[in-house]
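Below are structures written as C-alpha cells.
Common to both upcoming complexes is subunit A, partnered first by subunit B, then by subunit C.
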Partner chain A sequence: MPYPALWFRRRICFYFREASALFYAQLIVNGLVQGLIVGLAALAVTLVFGVARFANAATGDTMTFGAYAALIGHKATGSLVVAGGAAVGATALLSLTAYALVFRKLAGRSVVALLVTSIGVGFLMRAVLGIVFGHNQQLFTVPLVRPIRFNGLVINPFDLQLAAVAAVALVGVFLILYATPIGRRMRAVADNRELALVSGIRPERVMIALWLLVGAVTGVAGMMLGMKTVVSPELGWEMLLPAFAAAILGGIGSPAGAVLAGLLLGVAQELSTPFVGFTYKLSISFVVLLLVLLVRPRGLFGRLEGVR
Partner chain B sequence: MEAYLVAIAIVALIYVLLALGLTLQYGFTGLINFGHVGFFAIGAYTSAILAMNGVPLILSFAAGTIVAGLAAWPIGLIALRLRDDYFAIVTLGFSETVRLVITSEKWLTNGVQGIPAIPRMFASISVGSLASFAVLAVLLVVTIIAVLGMGRIVKSPFGRIIEAIRDNEDAVKALGKDPARFKVQVLILGSGLAGLAGAFYAHYITYIVPDQFIPLVTFYVWMAIIIGGIGRVSGAVVGTVLLMVLLEGSRFIRDVMPFISDVEMASVRLGVIGLLLILFTIYRPQGLMGDFTRR
Partner chain C sequence: MINRRTLLAGVAGAGALVAAPSILRAQGTGPIRIGALNPITGSGSPYGSGMQKMILAVAEAVNAAGGAAGRPIEVFAEDSQTNPQAGVLAAKKLIEANKVQAILGTFSSGVSLAVLPLCNDAGIPLFHCSGAPALSVPPANAKGLGFRFQATNGRFGQAFAAICEKEGFKRPATMAFNNASGIGNTEGFRQAWEAKGGKVVESVVYEPNQASYRSELMKVLAAQPDVIVTGSYLADTTIILREWFQSGQPVRWIIPGWAANPELIQALGPDVTEGVISVDSVSNEGSQAFAQYDAAYQKAMKQPGTANVYAAMTWDMLNVLALAIEAAGSSDMSAVVPKLREVGNPPGTVVSSFAEGKAALKNGKINYDGASSVLDFDQYGDVTPDFGAYFITAGKLERRYVVKI
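So, the complex of A and B:
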C-alpha cells in the first residue's frame, strides 16, 4: 500500500463496478452458511460460559475433532447421516471426557486457571489429531451437483443441506434447553448457581448434560466446517476468535443471541471481503469484538449484569 | 557442539526476555496477555525493516522496543475497561491481527515470503562463532539488566501497587490510586521488553516470516512462567530453561527414534505444552519456584 489514496480508490471503483444488488445478495447467501457455523460454535462457547463460567478455548480444537470424526464416518460408509452421527457422538464423548478429567478438577478456581487449562486441552487435542491423521489436508468426497440458479443468484444445494443440518441441530438444542427438565436445570444454574443448588439441583448431573450437549453442538459445527473447507488439524483453531466474538456480540450466556450474532458475523465477513481482501476477513471478527466490548459489553441480547 | 550450545543459549535468553515481560504483566499485575507474540513480532519486523533500510542497528533495536511498547498503549486503554477473560481474548485477537497485517501488507513486510538477509549484529566480526559469542554476551548483559531492573521495580512502591492491583483491584481504588494508569504502564513495559526480544531474534536468525509469530509462541512463554512459578522473577528464568530443555531435547529424541517426522515432532511438542499447562494448573498452580504459602 505505497499510495493509500490510490489503493483506496481502486477498491471503491471495484465496489461500484461490481456492486449490483445481486453481488451483495450472493455474498449474503455465502455468508449465511458460514454464519451458521460461527453461530453453532458460538452457541457452544456461550453455553459453557453461562453454566460452567469460563471461556472455553478448546472449542475450536473440539470442532476439529468433530470434523475428523465425521470424515472417518463418511469414508467408512459413504453416508452423510452416519458421518453426522459419528461427529455428534464422538465429540460429545470427547467433551464429557475433557470435563471429567480436567475441568471438573478446576471447579471453583479462577477464570484464568480454567482459560489457560482449556488452551492446554485444545493443544493436546490438536496434537493427538496431528499425530494420528498427519498434517495433510483431507477432503470430504461429495458428488458435485449443479447449483440452483435463482434469478441469477447461485445457490449450492450442498449449502442448503448444510443449512438444514444446522437448523435441525439448533432446533434440537433449543428444545433441550427450553422444553426438558434437564434444560431447565441448566438454565437455572446459569441464572443463579447458588439458588439452583439450594433448590435441590444436582450440579454434577447438570454438568454432565451440559458437556454432552456442548460436545454434540461442537461436533455438528466441526463437521459443517470440515465440509465447507478442508480438514486439517488447524481447522478449528481459526474459528475460535469468530466464535468468541459472536458469543460476546450475542450477549454472553444467551443461546439465541449467539446464533444470531454468528449469522451477522458470517455475513459481515463475506461482505467485507471485496473491500478489505481475503486475508483480513478474519480480523473483521476481532474488530467487531473490540467494538462490542467497548460500546456494549453485555452484547446485543445480554442481560444487564456487571460483566466488564 | 559449542556453536550449538551458544545458539541455544541465545534463543533461551530471548525467551527469558519474553518471559520477564509476561511475568511483569501477568505474574505481578494479573493482566492475562494472550497476545505476547504480537509485540514480539512488532519488535522483530520494526527493527528488521529499519535495518534493511540502512538504519544503524542500535537505533533499529531502540525503535523495535519503542514501537512494540507504543503498540501496547491502545491495548492498555482497552484493558482499563475489560474483565480478565475478555482481555485475554482481545489480546489473542490482537496478536492474530498483527500476523494478518504482516502477511497481507506485502509492500512493507514482503508477505509470506518474509524478510531474508537481515543485517547481523557484529557483522564486522567475520569469524562465525566469535560473532555469536559477542551476540550472546550482549544479550546476557541486557538480560541481567532486565532481571535486576525487574527486581528493583517489584520492590519499589510501583511494584507494591501492581501486586495490590493483582490481589485486590477494588482495594487499590479505595486507596485513591488509579489502577488503570498502572496497568497501561505495565503493559507498555512488558511489551517493550517483548519488542526488544523480537529485535534480537530478527537480527540473530536474520530471516523472519509471519509463521514464526503464531500464538503458540505466546503459550510457550506462558508455559515457561507457569512451570517456573507465576509472579517470581526467578520463576521466569527457571521456567524458560526448562522450556528450552523441552524444545531442544525433542531434537535428540529424533536421534533415538528417527521414524518420527518433523511434523509429528511439532505435534508432540504441542501436546507436551498442552499437557504441562493442564497438569501444572491442576496440581501445582504455584509452579516450581512458587510461594508455597499462597494459593
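So, the complex of A and C:
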C-alpha cells in the first residue's frame, strides 16, 4: 500500500458508488449466513466452557467428524434428515467417548492442562479422519436451486433452511437447559460446582448429559458447515478461531450470547469489506473482540465473576 | 578359531572388496549419484510414481549410451509425500547420506521452496516442477541453482490472457486465492492483458477457508464481467462455482488446470461446469523427445505419456543434466550448472536424447529439445512450456487448442 491516502479515497469512492441500501442489506444477509455457522460452533464451545470450565480446542475437529458422519448418512440413504440424525448421533457418541477416555481423567487439573489435552484430542481426530477418508475433498450432492429474490435482495433457500436448523438447535439447547431436571443440574454445576455437589447433584451424570448435548450441537454445526463448503479433514479446524472469538464476545458460558455474537461477527465482517477489502475482513472479528474485551470484558451476556 | 568355511568367506570378501565399485577408491570415476525426490504419496501422488520411473528410465538410457562424462548414473529415490517437512528430511538424507550431486523432480511449491535452500548450501542444483514466482529469484534462488521445468504462475497468467483474447472476451475480472501462486496467476494475467490494451473490470483477492464467498462474488459480478479469470485451488473453486451458479448471472470462467479438473466436474456436475475453460501446461507433443518419453511411459505405467505432464518434465531433467555433465566433462556441479543453458538453449544442433546429444557434442554446440517443452532456460532458470485450452462440455474436459506464449 504505497499511498495510504489514495488507497483510502478509493475505498470511500467505492463506498459511495455502491452505497445503495440494497447493497448493504445484501452484505448483511451474507454475513448472517456466515454468522449462523460460527454461532453454532460457538454454542458448542461455550457450553463446555460453562459447565466443564475449559476451552475445548477439539470442537473444530469434532465438527469435521459430524460432517463426515452426515456425508455417510446422506450417501447411504439420500436423505438429509437421516444425514442430520447420523451427524447428531455419531458426534454425540464421539464427544462422550472423548470425555470418558480423556477429559474425565483430567478433571480437577488446570484449565491449561485441559486446553492442551483437547488440542491433542483434536489432532488425533483429524489424523484419523485423514487416514480413513483421505485428504481429497468430498461434497454433499444436493440439487442446486436458484435464489429467492425479495425486493432485489438475493436469498438462497438453502440458507433459510440453515437458519431454521440453527434456530431449532438453539431452542433445543435452551429447552434442555431451562426446562429439564438435568438442565437445571447443569446450570447448577456451571454456577457453583461445590455448592451443587453438597446439594446432592452427581456431577458424573451432569457431565455425561453435557457431553452428549455438546456433541449433538457440534454435529449439527459440522454438517451445516460441510453442506455449505466442501468436506475435508481440515474443515472444522479452520472454524475454531472464529468460534472462540464468538464465544468470548457472547460472554463465555452464555448460549444465547454465543449465537448472537456469531451473527454479529459475521455481519461485521461482511459490512467491513467495502472499507478494508476481503483480505482483511477476518481480522475485523478480532478487532471487534478486542474492543469488547477492553470495554466490556465479560462479553455481551456474561456475568461478572470472581476467581474461585 | 578359524575353520575352513569362515576362511573361505573371508577370502571371498577380501576379493570382493578389491573388485568393489570404484567409488570406494576414487571419487572421480565412480557412478554419478542423483537424487529423485518425487511426490509418491500425498496430493501429488497421481503424478509421483510416473515422475520417478521416468528418471530411472533415463538413467538406464544414459548408462546404456556409455554414461555421462564416462561415468554411469546412479539414482537414489525418495518420497517427498507432497509435504515440505517430509521433503526436507528426504533431501537431507539424499545430500548427507547418499552424497547426491543433484536433486530432481520436486513437485509442490511448498516442497521446492523448502528444499532449495538445502541445495544452495550443498552447492548442488534442484530441478523442480513448481509454479511459485518466488522460486525464480533470491532469496530462494540466490545461487541460481534452481531450475524450473514447469511454467511459472506469471506465464499461466499470460496464457489466460492469450485465451481471453482468442475467445473474444472484452470485460474480464479476476478472483485470486490470497497466496503467491493465486495472485501470481491473476497478476500475470493483468499485466499481459493490459499490455494488449485491455482493462480488467474488477479484481478480488480472497482469503481461503471461508464458509461462503458470496460477498466476493457479489463484488466481482457487480462489474458485469463477461469472463472471470481465477488463481485458485480445488476447494475454493468448488464453493465459488456453486454459489455463482445459484446466483443465476451468466459469466464464463477461465481456471487453472489444477483446480478445473475431473474432480471439480465430479463434485459439481455437468450443468455448473459447462463451458468452463481449464488451462494447463502441455508437453512438447510433436517432438521426437516426446515420442521416446511416451514409449517409455507406456512401458512403465501402461498409460499414454499425455496423462502426466510432470513425468515428461522429469524425463527432460535427467537428460539435460546428463548432457551438461557430458559437456562439462566432469560431475563437479560448479562446472556443470553453467553448461545447462548451453546444452538446453539455442543455438546449436537440435537433439532429442542423451545418446544423440553425446554424439553431436563432439562436433560443437547442441540444443536439447525436450519432451515437456523446447526447454530453453531464461535468466532465472525458468522454461516456457505450451498451454492447452480445455473446454468442459457435457462433463468432459476437451482440449480445443494449444497456446504458445
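In this section, the second predicted complex is superposed on the first by the 304 of 308 C-alpha atoms of A that agree within 3 Å, B and C clash if a C-alpha of one lies under 4 Å from a C-alpha of the other, contacts with A are read in each partner's own complex, and residues count from 1 in each chain.
The definition used in the following text is that a contact is a pair of C-beta atoms (placed from the backbone, for glycine too) under 8 Å apart; a residue touches a chain by one contact, two chains touch by 3 or more.
Note that the coordinates shown come from a computational prediction; the quantities given were computed from them, not determined experimentally.
In the three-chain model built by superposing on subunit A, subunit B clashes with subunit C. By the document's definition of touching, both partners, subunit B and subunit C, reach A:279. Contacts of A:120 after superposition: subunit B is touched, whereas subunit C is not reached. Applying the stated contact rule after C-alpha superposition, one finds that A:112 touches subunit B and leaves subunit C untouched.
Contacts of A:102 after superposition on the shared chain: subunit B is touched, whereas subunit C is not.
Contacts of A:135 after superposition: both subunit B and subunit C are touched. Look at A:270: by the touch rule set out above, it reaches subunit C but stays clear of subunit B. In the superposed model, A:233 makes contact with subunit B only, not with subunit C. Counting the residues of subunit A touched by each of subunit B and subunit C gives the higher count for B. Once chain A of one complex is fitted onto chain A of the other, the partner contacts of A:24 are absent, as it touches neither subunit B nor subunit C.
By the touch criterion defined above, A:293 reaches subunit B but does not reach subunit C. On subunit A, the patch touched by subunit B and the patch touched by subunit C overlap at residues 135, 277, 279, 282. Within the complex formed with subunit C, the residues of subunit A that make contact are 18, 26-27, 30-31, 33-34, 37-38, 135-137, 139, 141, 144-147, 154, 156, 225, 228-230, 232, 234, 238-239, 270, 273, 277-279, 281-282. Listing the residues of subunit C that touch subunit A in their complex gives 42-43, 178, 204-207, 209-212, 214-216, 218-219, 222, 234-235, 238-239, 242, 245-248, 263, 267-269, 271-272. Interface of subunit B with subunit A (complex): residues 32, 78, 81-86, 88-90, 92-94, 96-97, 100, 103-105, 107-108, 219, 222, 226, 263-264, 266-278, 281-282, 285. Residue ranges on subunit A touching subunit B, taken from their complex, read 1-2, 54-55, 102, 105-106, 109, 111-113, 115-117, 119-128, 130-131, 134-135, 233, 241, 244-245, 248, 277, 279-280, 282-283, 285-286, 289-290, 293-294, 297, 307-308.
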